[in-house]
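Got a structure for you, questions after.
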C-alpha cells in the first residue's frame, strides 16, 4: 500500500474514531468506486437532512396543531403576513398564532398588528428569536413598560387632558402604589407614627399646584432591601406576592389567576385560569392564561374577585389566608362566568353585608374609571380614593342625584359607551347621572323626570334606579353614607 | 459528446499535468490550502445568495437576517453555510500557514508566495470581521464600536483613518454601508485576486514543495485525474459535513443592537478574543493596534529568519527550529489569551 | 450484462451526487422565491361623494386610479396600462400611455394599440362614516357603479 492510500485510510479512520488495523484496512478496500459511493451518499444524506429540517420548522408544527383542534376550519400550512395599516410593515406573528382573537374591537389586528403593543421581532419565526425583544414578556401592559405600550403617545398617554392618560393615572392609583396597605401594616406594627401613607410600590409624586382634599404630594419607594426581621422585611414578601398591579400572584391558584398591569383588570381570566380561545400556541391545559386574548371595559365582577373577596390578611402571621368556602372549580366556563343566583353565597365574603344592587350589578357599574384607575392624584388608602356612595345614584330624602347633559359627540361618557359596545344606549342631549366630582355615569340615564334606568355594563341588562326621595326611607340626610344604608337594605343569606 | 472535452475543460486547465506523490500525501498537506479554497467558494456562492435578502441599513439589517434565518426557504441553510464556511476558512487558512511553517514550505523560491499567503490571512480575518458586523445584533454592534474606536488610538492619524473607514464621526448607517461594500465587494475582489495569484505563483515556483530526492530514488507522481478525483471526494465530504454542521448548529444571531440599552455580555468574534483580553489589561493603542501589528510582522518575517539548511518539506525539521518555535510561541500565547477570555 | 460490485458502487455514488446536485439547485430556486411579498394595496379613502360632480373624472392620489361619476353613480378606472403596466395620463379626453403610446377613451376603452384590453375598474365603496373609498385589490366589471 502506498503513502497516498494510507493517507486516505488514516483520514477515514480519524473520522470514525477508530484506530487503523489490518482488518479494518481490508474492509475499507481503497478504491475509487468506494470513495465515490461514500462522497455521493454523504451529499445525498445532507440534502435529505436539510429537506427534513425545512419541513419540520416550528411554525409548521404550530399551524398543524391549530388545524388539529376540533372546532376550527383547517388552514393551509403557509407563512401568514399581516400588514397593519398603522405601521404598513409586515408582521409574521399570525403564522404561528393563527386564529388568535382580536384583542378588542377598538384595537383590530388589521389596523394595529401585534408589534405596536407587544414589541418583538416581526420577521422572525423561531419562537426564541421572535419573542426575545417583546415588551413586558407575555404581557405588554405590565406597569414597568405600560407607558411604552398601552400608554404610548396618542394611545392612552401623552395627551394634554390627564383624563385620557390612563397609564399615568394608574401608576399613581392605590391599586398600583398599594400605599394604604403598606401604611396600615407599618402603622399597626409601630413602624410609623401615623397611618398617613409614606411609601408606595414605586416612588410617585404629583406636580399639581393645588392638591384635592386628602391627596398626597408624593410617596417614597418602599425599601427593596429592608433590615431583616423588621416588619418591612416581612412586607417585601407580601408585596412581591402580588397584592397590587405591579405583579401577579407569586403562587397563583384557582380563583387568583390574573395578569398584571392594565391587563390585571381588562384581560379577563376564568377562575381556573385556562385559555379557551383558538390560538394553538397557548396551552389549553396550563392555567395562567386569560379566557381569550381579549381586552374589555365590561369587566365582570369575577375578574375583580381574582384579587378581592378571596380571603383576608392575617396581621399576626403576615400571611394571606385564603377562604375555604369557595366552590369547586371543575365546572364549565358557562357556569364560571355568570353564576347569577349563586353569586352571594359562592363569591362574596361571608362577613360582609351586601345590598341587592351589589349582588346583581357588576363592580364596574358603580366603581368608576376614576375610582378604579385613579383620578391622577396620589391617595394614601382605598377609602380616600373611593367616593361613590349609595346616594350618588339614589339621592337622599332631601335631594335628588345630580344629573348632567351630554353636550357633544366627543364627550367622554359617549366614548365610554361606544367602547363598551353600547353606542345605541346614549346620544347627545341625553341626561346621565353625575358624581360628586363631576364624573358622568354613562350607564345611568334619565328617561323621564326623576326616572332613571341603569344598564349593566357587562350583561347589558336594564334596571330601574329607585330614588330615596318619596320612598319609605326615614333616614336623616346627613347619615346616608353607604354604611348606614346597609343596615336596612342588606340581603339576608 | 463533442460538446464536452475533458482536456478542454476549465477544471482540467486549472490543474497541473502531474504532481509529485510525496507532495500530494494527505498527511503532508492535509489538503488545508484546498479546504480553504473550497470553504471560500462555498462562502462566496452562499454570500451571493444572501445579498438577495440582506438590507444594509441600521433599521433593516437585523430584521432582514431574521427573515433569512426564519422565513426564507432554505435561508437558514444558506446563512449557515456562509457562516460555517467562513469559520472553516479562517481555521483552514491559519492551519495551512502553520503547516507551511512546520514543513518549511516557505523556503526559497517560495518567500514571495508566503507574503501573498499572509495577505490572504489578513483578508480572511477582515472579511470575517466585516461579516460579523453586518449581523447588526448586540454582540456585533459592540464589537464594531470597539474595533473602530481602536483606530482612533493611532497617534496623529487616528481620527483621519477612522473617518476613512467609518465614513462618519460615529458608527451608523454610513459605517454599515461601507462595511457591507468592503465585505461583499472590496474584500471579495482582493481575496479572489489573492487566491488566483497565490495558486499561479505556486505553479511558477515549481508546484507544491517536496523533499529533495535521495540518491537512487525516483520521483513518483500522481496524475491530473487522480488529483482531481481526490479533490472531488474531499470537497463532497466537506460540503456534506458543513451542511450537517449548519443543521445542528445554526448560524448565531442575537438581539437587535441597541445603543441605549447596553448589554450584559459583550464578546469579540472568536478570532479577536485575544485582543479583547489584552484590552482589559493594557492601553488600547498597545493591545488593539501595536500587539496585532507586532504578531503580523513576526509572521511576515518568519521565512527570512531562517534561510539556510536542509529540511525542506519535512515536518518539524530540527534544522529549521527558529521559525517553528516562534510560531508555536505566538500560537500558544494567542490560544491561552483567547481561552481565558472565552471562559471568563 | 453483469454489474460488478465496483461498477455498482460507482453508479450509486455518482447517481447520489447527481440527485443531490439537482436537489441543491432546486433549493436555491426555492430560496430565491420570496415567502413575504408586498401586500395588495388596501382601500384608499377619497373624501365624501359630493366632492365629485356628475361627469367628472378625477385623479386619485396614492391609489393609481381615476374616480369617475356619471348619472348612474361612481366608478374607478385603474391607471395601469393593460399593455405592460405603465401609468397612462389623462390628456384632454383620452388616457395616453407614455411608454408605448396606447390610447384609451375616458371610459377606458382602447382607441389604439399596443394595448388590446380596456383599462381595469376598481371597486368603489362607502365607509361607515359616509366617505368614499377605492379598493384597487378588488377588480369589478365596467358596468359597476356605486349608486350616488
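Going by the order they are written in, the chains are A, B and C; count residues from 1 in each one.
We take it that a contact is a pair of C-beta atoms (placed from the backbone, for glycine too) under 8 Å apart; a residue touches a chain by one contact, two chains touch by 3 or more.
Since the structure is predicted, the reported quantities are computational estimates derived from the model, not experimental observations.
S.K.: What topology does the chain contact graph adopt: line, ring, star, complete, or other?
M.R.: Looks like everything touches everything, fully connected.
S.K.: Taking each chain's centre as the average of its Cα atoms, which is closest to the average over all protein Cα atoms shown?
M.R.: Chain A is the most central one.
S.K.: Tell me which of A-C and B-C has more C-beta pairs in contact.
M.R.: A-C
S.K.: CA centre of chain A versus CA centre of chain B: separation in Å?
M.R.: 53
S.K.: Quick check: how many Å separate the C-alpha centres of chain A and chain C?
M.R.: 44
S.K.: Between chain B and chain C, what is the gap in Å from one C-alpha centre to the other?
M.R.: Here chain B and chain C have centroids separated by 48 Å.
S.K.: Where in chain A do residues touch two or more of the other chains?
M.R.: Touching at least two other chains: 32, 35-36, 38-40, 43, 46-47, 50, 79, 92, 123.
S.K.: Could you list the positions in chain B whose residues touch two or more of the other chains?
M.R.: In chain B, the residues touching two or more other chains are 67, 71, 73-74, 77, 236.
S.K.: Can you pull out the residues of chain C that are in contact with at least two other chains?
M.R.: Touching at least two other chains: 17, 27, 35-36.
S.K.: Where on chain C does chain A make contact in their complex?
M.R.: Chain C reaches chain A through residues 5-10, 12-17, 19-21, 23-24, 27, 35-37, 39, 42.
S.K.: Any idea which chain A residues touch chain C in the complex?
M.R.: Chain A reaches chain C through residues 31-41, 43-44, 46-47, 50-51, 79, 81, 83, 85, 90, 92, 123.
S.K.: For chain B, which residues are in contact with chain C within the complex?
M.R.: It comes out as residues 49, 52, 67, 71-75, 77-78, 236.
S.K.: With touch defined as at the start, can you tell me which chain A residues reach chain B in the complex?
M.R.: Those in contact with chain B are residues 2-4, 6-8, 10-11, 32, 35-36, 38-40, 42-43, 45-47, 49-50, 53-54, 57, 79, 92, 121-126, 129-130, 132-133.
S.K.: Name, in rising order, each residue of chain C that touches chain B in their complex.
M.R.: Counting only chain C, the residues touching chain B are 17, 27-28, 30-36.
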